[in-house]
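Quick one: the structure is below, and I'll ask about it shortly.
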Amino acid sequence: MENYLAALSLLILFSAFVLMANKRIKSYIATIRVQSIFIAIAVGIEGAKSLKTTGHFDILLVCVLIIAFKVIYIPRLLHRTYGKVEYRVAKDFFLNIPILILICCLLVVFSYFTLSTVEGINTGESNVQMVNSISIVLIGMFFMISRKKAIGQIVGFLVIENGLFVTALFSTKGMPLIIDIGIFIDLITAVMIMGIISFKINEKFDSIDTNKLKNLRG
Amino acid sequence: MGYILWIVPIIGILLLTAVKDKKLFPIISVAKASILLIAAIFITRTVMLQGKVSYKNLQGLLYIDSVSIIALDIVVVIGLLSAIYSINYLNLELLHGKIDIKRLKLYYILMDTFIYTMVLALTVNNMGIMWIAIEATTLASAFLVGFYNDKEAIEGTWKYVIICSVGIGVAFLGIILLQLSSIGVLKEANFLQWTNLYENATALKPSILKLAFIFLLVGFGTKAGLAPMHTWLPDAHSQAPSPISALLSGVLLNSAMYGIIRMVSIVNKGLGESIFTGRLLISLGVLSIGTSAIFIITQKDYKRLLAYSSIEHMGIIAIAIGLFTPASIFAALFHMINHSATKAMLFFSSGNILQKYETKDIGKIKNLLKILPVSGFVFFAGIFAIAGTPPFSVFASEFNVILSIFNNHNFILGGVVIGFISIIFVGIAMTLFKMFYGTSPEHLIPGDINIPGEIVMVCMLIFILITGIYMPLQVKGLLLSAEKIIIGG
Amino acid sequence: MKNIIYYLVQLASIILLSPLVNGIIKKLKAFTQKRKGAPILQMYYDLYKLFRKNSVVSEVTSWIFKVTPYIFVSTSIIAGFLVPITTLVKPNSFPGDFIMLISILALGRFFMVLAGLDAGSTFGGMGSSREVMISVLIEPAIFVSFFTLGLYAKSTSIYNIMLEAKKIGIPLLHPMFIMIFLAMLIIIISETSRIPVDDPSTHLELTMVHEAMLLEYSGRHLALMELGAAIKQLIYITLIVNIFLPTDQLIGNFGIASIFISILIYAIKVIAVSTLIAIGEVSTVKLSLFSIPNLAALSFILSFLGFLQFFVLGR
């Protein structure tokens, strides 16, 4: 059982790398869907375990919420936003892909070295899971700064939230239910707001290339 | 009594969504703000007498002690003043045709939601729910920043939402690590309660606590406008409508700083010494003051200049908290109050200037005192106040901060801070004095607009004059008890 | 005496099974494209036909052109001796033999690249340069994967790695093995010139990589080159099959009969993996040449993550 969770956390990390290697916006959305499916499986396993031992089904409820929102609703929302804005086939990132992937590699190594000095989480299973989870957050942040299009930045934000959720799941077996629900509401509102603002950016600037937003300098 | 703070705003927002007559919007808003103010006054009296307010329901979720009540009072008072100021401000915008009634309604609903989320963040005991409330403030104010829907407003909104959301995400990592450090020490139901964390702080695992603090500092520091995470602040504060800028500058930055203060007290008690947090906070504070000094000298937009001055004052508060001596924490709390009052007053008067001259460019504004006598005078006094001139209150609190730095034998730090504050004074004087000379453009009619707003501004001016010279004994007692809670007696 | 029989059995299995893999992949592709396709044993017929024909050698080539097919096929066969097809039979294994494996295959590839340049045609030169680029890009992944497996098994011999993997039971549930398995899939695709790296059935010379180097060959030379390539493919599939899907522990060790049964089961596993490759071929398109570094980087990351797992987790 423990091996399943370590394997799943590794697969989630791998999907973050695949996201980094993608070039087109439709593939970003598909990859993040796959990543959310992996997370839902991990939460489902945890929920089944906790159901058997303590009888609480709040973790299973969170699993259902993840499937409803992150796997179904948010990718559809992103597809709709992407459909409404202008599509221009332009290079979306600054460096080329192999360098981006190598930098992500370095981020994983960096998070490993940071966490190895923290006692309490630098041994065995929990170490590997924490390293994977925090690397996902760092990769999400790096994804956000390496993409120029607005929807790329929204996807990066979603990866950061995924990484945070995985960290909470693996380190403390999840947050209290009320906080989880609050986080979901926040996340969906944030993605909706970002979608609406991308749409407005497209209206005013005729593209969703955020490099064009440079009126406010100094 | 505390639940009024939670329930009344919701009733107000629901009423606003249902009502269609545009005359009723400001009435509902101001009424709600006044009820909140009265409730806050009662709670302040209770806190002064009993030390804290906390109820048994919801596992003691509602918790207001001296630290919270100071920040809460600032929120409620400035909320009421902004509501009063917005009445005529928005009516004029409606008259000029810049907005329509639907946007007016959206404004009031969002402003009330914004104030409600801040009240929520300041009155809960649970760090997780405080985090949710602070994230909600970003989302509630997103469309307020982009209210005017032009290119620059949308750019400012995008930067604001993205940077603050990422920052808050990093803060969440800190909260997860905080929870991780308390496994085995606290019962699961009490995991993120601040009171429980504070009691058992010495039993939490120190290295995880240090890592949690770094993440929380970066996360909440983004929201508080500490450099180098401040890049959203000038854009958001300058593009928003003026009453919202006052709320953002005067209130939101305080709420984020409140989160940092709560975290600092836990970590310092847990580690037993304040050097770790002190170093981080002082370096961020000095960086903030330095950044704002550089950018203020070259500003061409007066609202952006005011935003950079907010960054500077948040830096001063951060340095004071980082020092963690009783005198410096007292000065920090005092400075929070003074900065909010002065900055709000400045933003109100700059809103009047913007409506009259219809430009944000400093070079195009001339002969201010003749065109807008009262607002211009308030702006003039406010510039001196915010730069730290006696007898205004900001001088008193800045003086206290610097005094506590020197008392702690950090002479180099004191010298650097004084140097940067002087550069900022010179910068503000050089750029803003131009607005008072010269001949004004032809088409402007001299005369004041927005009479209720003017009354508000003059009251605030008198307030910051009095606070600079005299502090009532009860207020001093409140500040002292707050400082005792933070440092730990 | 026993050893000689084992070696002969291994030699026979490798040479006889390799064209079958190609035939199965082609048949499956035809099936998904709603064609009847060539019979499964087609490659045997092709090789038989080609061996009987004369080969036409261009006048401008040097001795490399004539020597390469023999070198290529012999390096493939020698490499075949290093990889056990069943762990019940210990092949010629010694410490460091996977580095030997990679180097021997690289020797064969080196001569093939030279031969592609030898005839002086543009397509041959193009194919050679592309082949060299792809093999250089995929090499870090190969080495990191194998070294991680070697660290895990505390030995650098492929036979010992297979024995260690056999002890786990189902290696594919171990996170490190999952990552290296995925990396090895991409490695196989690159080394054996399958879609998405290179289309083996294309007739457009501008898109060829591996085929372009074989353009000038005919007759028995062509037969030897094709056989060598097929044997190389079988070696890589054997590596995957025996490290990641070990079934020998289910058979027990009761003499000659068990060896034959294990060879049979090995053949079935090879057919299964070739089905997987065929499904992969029909599902994707050939990547443009400048996207191949992305794929190589991805496989490097996979093997690196596997290494990181091992490093952090211990065993």
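The chains carry the letters A, B and C, assigned in the order they are written, with residues numbered from 1 in each.
Definition applied: contacts are C-beta pairs under 8 Å (C-beta built on N, C-alpha and C of every residue); 3 or more make two chains touch, one makes a residue touch a chain.
Keep in mind that this is a model prediction, so the values were computed, not measured.
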Farthest chain relative to chain A (centres taken as mean CA coordinates): C
Between A-B and A-C, the pair joined by more C-beta contacts: A-B
Chain whose Cα centroid lies nearest the overall Cα centroid: A
Whole-Å gap separating chain B and chain C, where each centre is the average of the chain's CA atoms: 66
Inter-chain centre distance, chain A versus chain C - centres from mean C-alpha coordinates, in Å: 37
Separation of mean Cα positions, chain B and chain A [Å, integer]: 31
Of all residues in chain A, those that touch chain C in their complex: 3-4, 6-7, 10-11, 13-14, 17-18, 21, 96-98, 101-102, 104-105, 108-109, 112, 124-125, 127-128, 131
Touch list for chain B against partner chain A, complex: 126, 128-129, 132, 135-136, 138-139, 142-143, 146, 149-152, 154-159, 161-162, 165-166, 169-170, 172-173, 176-177, 179-181, 183, 191-192, 205, 207-208, 211, 234-235, 238-239, 295, 298-300, 304
Complex contacts: residues of chain C adjacent to chain A: 173-175, 178-179, 182, 293-294, 296-298, 300-302, 304-305, 308-309, 312-314
Chain B-facing residues of chain A, complex: 114, 117-121, 134, 137, 141, 144, 150, 153, 157, 160-161, 164, 167-168, 171-172, 175-176, 178-179, 182-183, 186, 189-190, 193-194, 197-198, 200-201, 204-205, 210, 213-216, 218
